[in-house]
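Two complexes follow with subunit A in common, the first pairing it with subunit B and the second with subunit C.
Take a look at the complex of A and B:
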């Protein structure tokens, strides 16, 4: 029994040695799913966050974002940012334990995380209990900012804002391009994701004076959607708003083609329609699908800082930014901005600075109006974008001032592609 | 022998009572709480899986039942989670009867497979039910409430002692079952079901008693989880991986022994937490590799569970005859 005990003691000693800390660094805890089903996403998030921290600590000013190349935070005499990464394994209890460890052992000034809405829930509770700022850059559950927390700040838009965006897109189409939509059909898979989205879409459609002519929910693991699609077709909608995972997104598109169902546009709710497998399988039949996104590489056409940041990530890891990693990158900058203005690592000072955050959209690699939090901690200037598949690629078509391509409306017939 | 193990138990209890007062670091206390909570689940599982030999891989359903019943009662009706804990235990015992009635007709692996199915069904039902929070689950209100409200922010000590108390209660029930005629019947059912039946032991009845006790106690652990983490959702409360973890802890420690599951939980949670703290941030999964390797080592070299280490070391009452070669 002595040797296992000794091993334990050794591991415990290892644990303690991690605590070594220097005065001139600002420790930020970062909680992501580094193992488990979402590990590959977690590693992308980690790499993007680390790139952001290294840019702030380094002296290369070429990116052109404030603080990038500052050689540390000027507000704290050039103190460097140190990110301490921990793994939550997609488990809310582990997330809470790790948040607590970051706060009590590593004495972090703030925490960023955790991608999974469930883990963000528990980890931010620990931060709230301990009075440590928690910045969430990438969880979209609306409930997170409805808890009345004082230490929780979310930069990304949440699911409701994404639905709102779809209706703003329709409004802009009418105002700027004279495209009129009246009849909307809602088509969604029947688990949490689809039913939640369908509920919001129905509410916003009614509030904005559209007619919901049909609402069909289907089980996502079914092997055929013929009767569901027939129902849609019979309702003669102008557009279909669809929330589907990958398999059912592909199946539904094939069924549309087989049954000759062609709405003027298909407005998809990300997920299956933005999976890299979708276009591979659909080929040219996947063209003209319109979907919501949080970020797209072609935004770099109108916003050069995006292309520059992407080149840096490419050079280091050989991958492009995507919606998740771009938001993680932005989260670190948003925290650094607040800590810099706070001029201190005291939690109350950082909390106050976060509340006073006002970063203009030009200083972000996101297609947002900026970052400014409301009383619930939600960034009110976040926005999604809308992309359309054109020539087998996702092209930004809305907001119009960021668009790289014009939206193609209505969809050309199936046999004329 | 008896006196020795009683002294050991009392010493262990004293150490457990004193631990959080000496180890004041929050993370250590938290790890200890996780150990106690895991141990409690393992010991509760042991009544059915260890003594009665009915390996259940669906215990997350009972764990979830406890958490959901107490949470819904406290959030919707303002009933203290302490009462909810009792209500959850009763509901889980009832669920246990529902599960046991068809499943106890099955033997061995088939019973285990049926319990997996039950666990999955419960998860699917909760996932699809708006009244039960659906896939989103419930977020419990944060904020110190005092003893009756069962939420403690200022210190970890209340959670620690509640977890310890719950573990002792569960061990106590285990001990009583073990000593009573029920325990003998259960062991008979496990080892020789046909012989037991021929002697007039009602298999279903005693398996059902074990199921109800095991399910009820597991549910109490679920309530404690909900009140500690303040967030429950089907994925973290009702997943099959949780069911497997509960069974694994008991089997790893030594199924069918009183203290085996406790030991299993300490070792399992200890390895899990220490490897994650040491290697988790690298993102290379090193902690899981080390964790898995240690489990394999234990399974290979100590198939009767970690408890086997101790029972073997304990000197037998009568020394075995020494081999003659040693005394030339």
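Take a look at the complex of A and C:
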């Protein structure tokens, strides 16, 4: 029989522990498209973010990232991170109202989201108005960090940086492999995505002393690309920089082959060229295409932490990391790092800590130089990678120190594959 | 800019133009016989492509081998569509007819998305893979085969209309339904036949295109706009007119895009169309 005194003591202890645990919880709102057309991506992002939070809250230090296995944030006496997931359905209005709800109802310390650039725009406006830090890990529209926001921080590189990367790649090719490119042709579909990329490519090409010999903007989803490819062929470029969605990517490659057009290299701007259907359809004709990517599994060869993190995700969900989920995972670590240093869940303290962020590249599962934000909130140390299709698979070929394969340059002739 | 490049572009334009013509022949035939615009014609083409694709995916049969089967399948499909839907609207106001075939278009497209997902698919190896080299010029063999198929199909349809009793009956129905009926021609049967042949032409085009073009539920919409232009340009109901109009449009589109700006290639095609119907409303080979 327990004495009434013991029961009372137990009750008091229980009450105290409940109060204590309530203090030990850091609530972070996470906004992703969990239903709708992008739901499958949204779920991937959610799983990756949750894995990151569980690693920080847990005690398994084997991954080797700081904070992973810390058993909660040491700066807040071991407080645990609680992610509160909400669904924006791919809708900017829903994103804004969910951000509002996270702030007023759940009293979150910070918000992470929202994958779609359009939703990130509206949701971060709400955070800005309420003075709550908003961390964006996965939207690439350059405009997001050109709004003069004080509470917005973006870890991922944006579209302009990917274009810069392509030219750094060309510079490195010349410096380290003696490959000289002079004449560049730009080939892009004429909607927002293609025209935006083409404009940047043209600017960077000129600034870096290359000759833009042709710039072809084509209407997407047409019946033929013969005139376009003939124009490219007539301009005799060394390389073609191409921005196309899937259907046009396939059609253009077939037309290249049919008309016997062969630049020394094809530098694609992700999109259609990185779709698994592209490789399946093109077979060996898809080989040697070079494209930009934000992340690749074979980075784990040179950076073991990537392979280790991937094994953890595999064990839990049976899938590999990809560019999106790896960035969501990294986003949670970047927020946790700032909150830990802030030693508080007060928005001003977290904002200040975010501004002072300086995470070295070695502590990330990304191919980046690190995380450090400029005055606009953009991470200045982010970087993309360049991959090339070799034997029907994408292999990292740049940056050279992270490459798993040597770049094959020039492309072999169509009939010699 | 070399002569070779120009010649290559010109001939490529003719090749793609012949494929356009093949898609348009079925459309113009149905229109000529029944005065009904089949907005679902692009979806017949799409079904033809999928038929070729599934034959390839399941039984490893080449689209060229299964071509006669695809044509037969689409013939039957065309007849069924006629019997179930079109038969009921032959004498209905034009607006009802437009809604009916437009509705079919949306239904077929939705059905394809539901059954086969919106993914891109393609026949990744075929017996017509490879290319034809003529001096410094070269062409994809699938395109050459598709163009040759277009010529053969047009000739066959033309000969059928011109030299067979059934073809003559079809033409008679097209010219005057009542008079033909008085001569003992069953108009219903002729209409069903027109839908069958029209759909079969789309099936042939689909099978040929499957060797060189990605296959997806909206693929019909890519080709159908050009097909409508050809039908009007060549003269409503004129198979031979659609054939020549196809070549003309293909050349204008590809050469125009090459010499001027690819962004304007359809501007050229549609300006040509406007010019022709301005001066010759019945089209190039249509009867006034």
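Note that the second predicted complex is superposed on the first by the 396 of 417 C-alpha atoms of A that agree within 3 Å, B and C clash if a C-alpha of one lies under 4 Å from a C-alpha of the other, contacts with A are read in each partner's own complex, and residues count from 1 in each chain.
Assume a residue touches a chain if its C-beta (ideal position, glycine included) is under 8 Å from a C-beta of that chain, and two chains touch if they have at least 3 such contacts.
Note that the coordinates shown come from a computational prediction; the quantities given were computed from them, not determined experimentally.
In this overlay on subunit A, subunit B fits alongside subunit C without clashing.
In the overlay built on the shared chain, the residue A:118 is in contact with subunit B alone; subunit C does not reach it.
By the touch criterion defined above, A:251 lies against subunit C but remains apart from subunit B after alignment on the C-alpha atoms of chain A. Once the two complexes are laid over each other on the shared chain, residue contacts for A:283 go to subunit C alone; subunit B is not touched. Applying the stated contact rule after C-alpha superposition, one finds that A:194 touches neither subunit B nor subunit C. With both structures placed on the common chain, the touch criterion links A:91 to subunit B but leaves subunit C unconnected. In the superposition on chain A, A:228 makes contact with subunit C only, not with subunit B.
With both structures placed on the common chain, the touch criterion links A:39 to subunit B but leaves subunit C unconnected. When both complexes are overlaid on chain A, the residue A:143 reaches subunit B alone and has no touch with subunit C. In the superposed three-chain model, the partner touching more residues of subunit A is B, compared with the other of subunit B and subunit C.
Between subunit B and subunit C, the minimal CA-CA distance in the chain A superposition rounds to 7 Å. Overlaid on A, the two complexes show subunit B and subunit C touching the same residues of subunit A, namely 190. Against subunit C, the residues of subunit A that register as touching in their complex are 190, 216-219, 221-228, 230-231, 233-234, 246-247, 250-251, 254, 257-260, 277, 280-281, 283. By the touch criterion given at the top, residues 25-27, 30-31, 34, 127-128, 134-137, 139, 142, 153, 225, 229-231, 233, 235-236, 270, 273-278, 280-283, 285, 287-288, 309 of subunit B touch subunit A in their complex.
Interface residues of subunit C, counted against subunit A in their complex, comprise 1, 5, 8-9, 12-13, 16, 20, 119-122, 124-125, 131, 138-140, 143, 212-214, 216, 222-223, 226, 253-258, 262-263, 265-266.
Subunit A makes touch with subunit B in their complex at residues 1, 8, 11-12, 14-15, 18, 34-35, 39, 42-43, 46, 84-87, 89, 91-94, 96-98, 100-101, 104-105, 118, 121-122, 125, 128-129, 141, 143, 147, 149, 190-192.
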